[in-house]
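Both of the next two complexes hold chain A, though its partner changes from chain B to chain C.
== the complex of A and B ==
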């Protein structure tokens, strides 16, 4: 299963501007699987992304809305995107600033749908 | 608090009627709207602890929810005589003065509540709101009411439900985004501490949720900032989120403020980003004017 997940994550990293992709346990913020994360601290990405998504989920809940189905943190030097997969899993991508956000989102969703 | 929790508290109180567990039990019943039961618990507790400020505060909140503001005022007044720094009593009386339109007295009590309990739910936002209202000439000139404001309205003075007072404060908050789509609902400006400065937000069922969402967003602000910094992504610019029925866009008009836009999910994130730029401009102008 892990090989399949890594292969799926590699489909995300093939999008130009994606620096790495990973599967993260949302509750603990731990790495489940990762692909092409050169130069990135996978553990930090997992923990920080899970933290942002959890906070945002509490905010959307307070607003009477459902939890986020897609989250995009944009910064000067790049971004983080996350899509929840099955319960307690997030598919995450770290990107350059000039990335095709729509395309990455599609790939993340595709991975999320295929995580079993 | 669940039914099971209430059953446990009730059992504890039955086993030991002198227990202070009547305080959380009465509060839980009040929050569930079981006001008659809550009042009974509070009065039973007061018969054992007539000098306990928390017990008078509990009864006052129950009475306030029941619309008996005069008695609520009296109970909070007693609580303050017993404990001059009681946060709940200052908060309750502050809201009663707020409802009555006596903003200077409201501010004085709310500030005392905040000093006594800096983390008290809704108080910091209320202080900011009253200060804002006092800074507005039309509201600042509101004639003070007589010393006891209770008879002016039959509204519960709870922090999250201050009815007419909330409505008048909403006018002030809406001024931030005047002329923009969603000026009163769907645009929220807050400070870095999660206190609402302007705008408003409703849940799909119409309930006002601006203050509670603002409190959560302060955490998002800090987490986003930390994630961008620790991952060497530079300064964060925005956080966008899609939910099943809405799209959200969060950005920082200034280093010390945060802006949230919420639209239904027919409005794409890209368009939200453009709307956020306009709203950020308005927020910056407004913040500069306030400063």
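== the complex of A and C ==
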């Protein structure tokens, strides 16, 4: 199963501008699987992304809205995208600033559907 | 937050604010309390430090018996709170960190910032500590002095 997940994550990293992709346990903030995360601290990305998504989810729930289906964090040096999957997992991509957001989102959602 | 060793305060404060941990206890491997945050009763600190040291000693021995190596950390996830327990080495000897966190944090965040706190502690720890004999007669006095420092009374 892990091979399948890594193969699915590699489909995300094939998008130009994606520096790495990973599957993260949403509740614990731990790495489940990762692809092409060279030069990135996977454990830190997993922990911090899960923290951000958890807080955003609680904020939207408090506002009477459904939890986010897609989170996109933009910064000067790059970006971070996350799509929650059904089974307490997050599919995460770390990107360069210039990236096709729509295409990455599509690939992330495809992975999220495959791991549930 | 209360600390016995002043150089522990800054790294511990940073860990608390970054990890959003609810309870933290730093002890030596022999359960001598170095710092605490979140405990309100001295008895709880004493019990937790003794249990933490015992658990770390047991898991490290289990690691040796099963040839899986010494345990670096272990975690327990309860329904609403999680517990993280880890040993680390400083010039002062082996220390143990016990962390309790809830939904405001996660195991990943606690691990991440705990490792950073350990790095910071190693960087600021006094490298030379005067070696002295621990006498049974001093033990109770030191324990009481530590608890007074930790609870301000």
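What we mean here is this: the second predicted complex is superposed on the first by the 115 of 116 C-alpha atoms of A that agree within 3 Å, B and C clash if a C-alpha of one lies under 4 Å from a C-alpha of the other, contacts with A are read in each partner's own complex, and residues count from 1 in each chain.
In this section, contacts are C-beta pairs under 8 Å (C-beta built on N, C-alpha and C of every residue); 3 or more make two chains touch, one makes a residue touch a chain.
Being a predicted model, the structure only gives us computed values, none of them experimental.
Colleague: Overlay done on chain A, so just call it for chain B and chain C: clash or fit.
Modeller: Aligned through their shared chain, the two binders fit side by side on chain A.
Colleague: When the shared chain A is used to line up the two structures, what angle, as a multiple of 10 degrees, is there at the CA centre of chain A toward chain B and chain C?
Modeller: 70
Colleague: In the overlaid three-chain picture, which partner chain does A:94 touch, first (chain B) or second (chain C), both, or neither?
Modeller: First partner only.
Colleague: Contact-wise, after the overlay, does A:27 reach chain B, chain C, both or neither (first, second, both, neither)?
Modeller: A:27 contacts chain C only, not chain B.
Colleague: Could you say whether A:43 touches chain B, chain C, both of them, or neither, answering first, second, both or neither?
Modeller: A:43: touches chain C, not chain B.
Colleague: Which partner, chain B or chain C, touches the larger number of chain A residues?
Modeller: B
Colleague: Return first, second, both or neither, reflecting whether A:65 touches chain B, chain C, both chains, or no partner chain.
Modeller: So A:65 only meets chain B here.
Colleague: Between chain B (first) and chain C (second), which does A:51 come into contact with in this model arrangement: first, second, both, or neither?
Modeller: A:51 contacts both chain B and chain C.
Colleague: May I ask you to decide whether A:79 touches chain B, chain C, both, or neither, giving the answer as first, second, both or neither?
Modeller: first
Colleague: Measuring by CA atoms in the overlay, how small does the chain B-chain C distance get, in Å?
Modeller: 9 Å.
Colleague: Do chain B and chain C touch any of the same residues on chain A, and if so, which?
Modeller: On chain A, the residues that contact chain B in one structure and chain C in the other are 44, 48, 51.
Colleague: Can you name the residues of chain C that touch chain A in the complex?
Modeller: Within the complex, chain C contacts chain A at residues 77, 103, 105-109, 111-112.
Colleague: For the complex, give me every residue of chain A touching chain B.
Modeller: 40-41, 44-45, 48-49, 51-52, 55-56, 58-60, 62-80, 94
Colleague: What part of chain B is in contact with chain A in the complex they form?
Modeller: Where chain B meets chain A, its residues are 201, 203-205, 207, 209, 212-213, 215-217, 219-220, 223-224, 226-228, 230-246, 248, 262, 269.
Colleague: So in the complex, the part of chain A that touches chain C is made up of which residues?
Modeller: It comes out as residues 24-25, 27-30, 43-44, 46-48, 50-51, 54.
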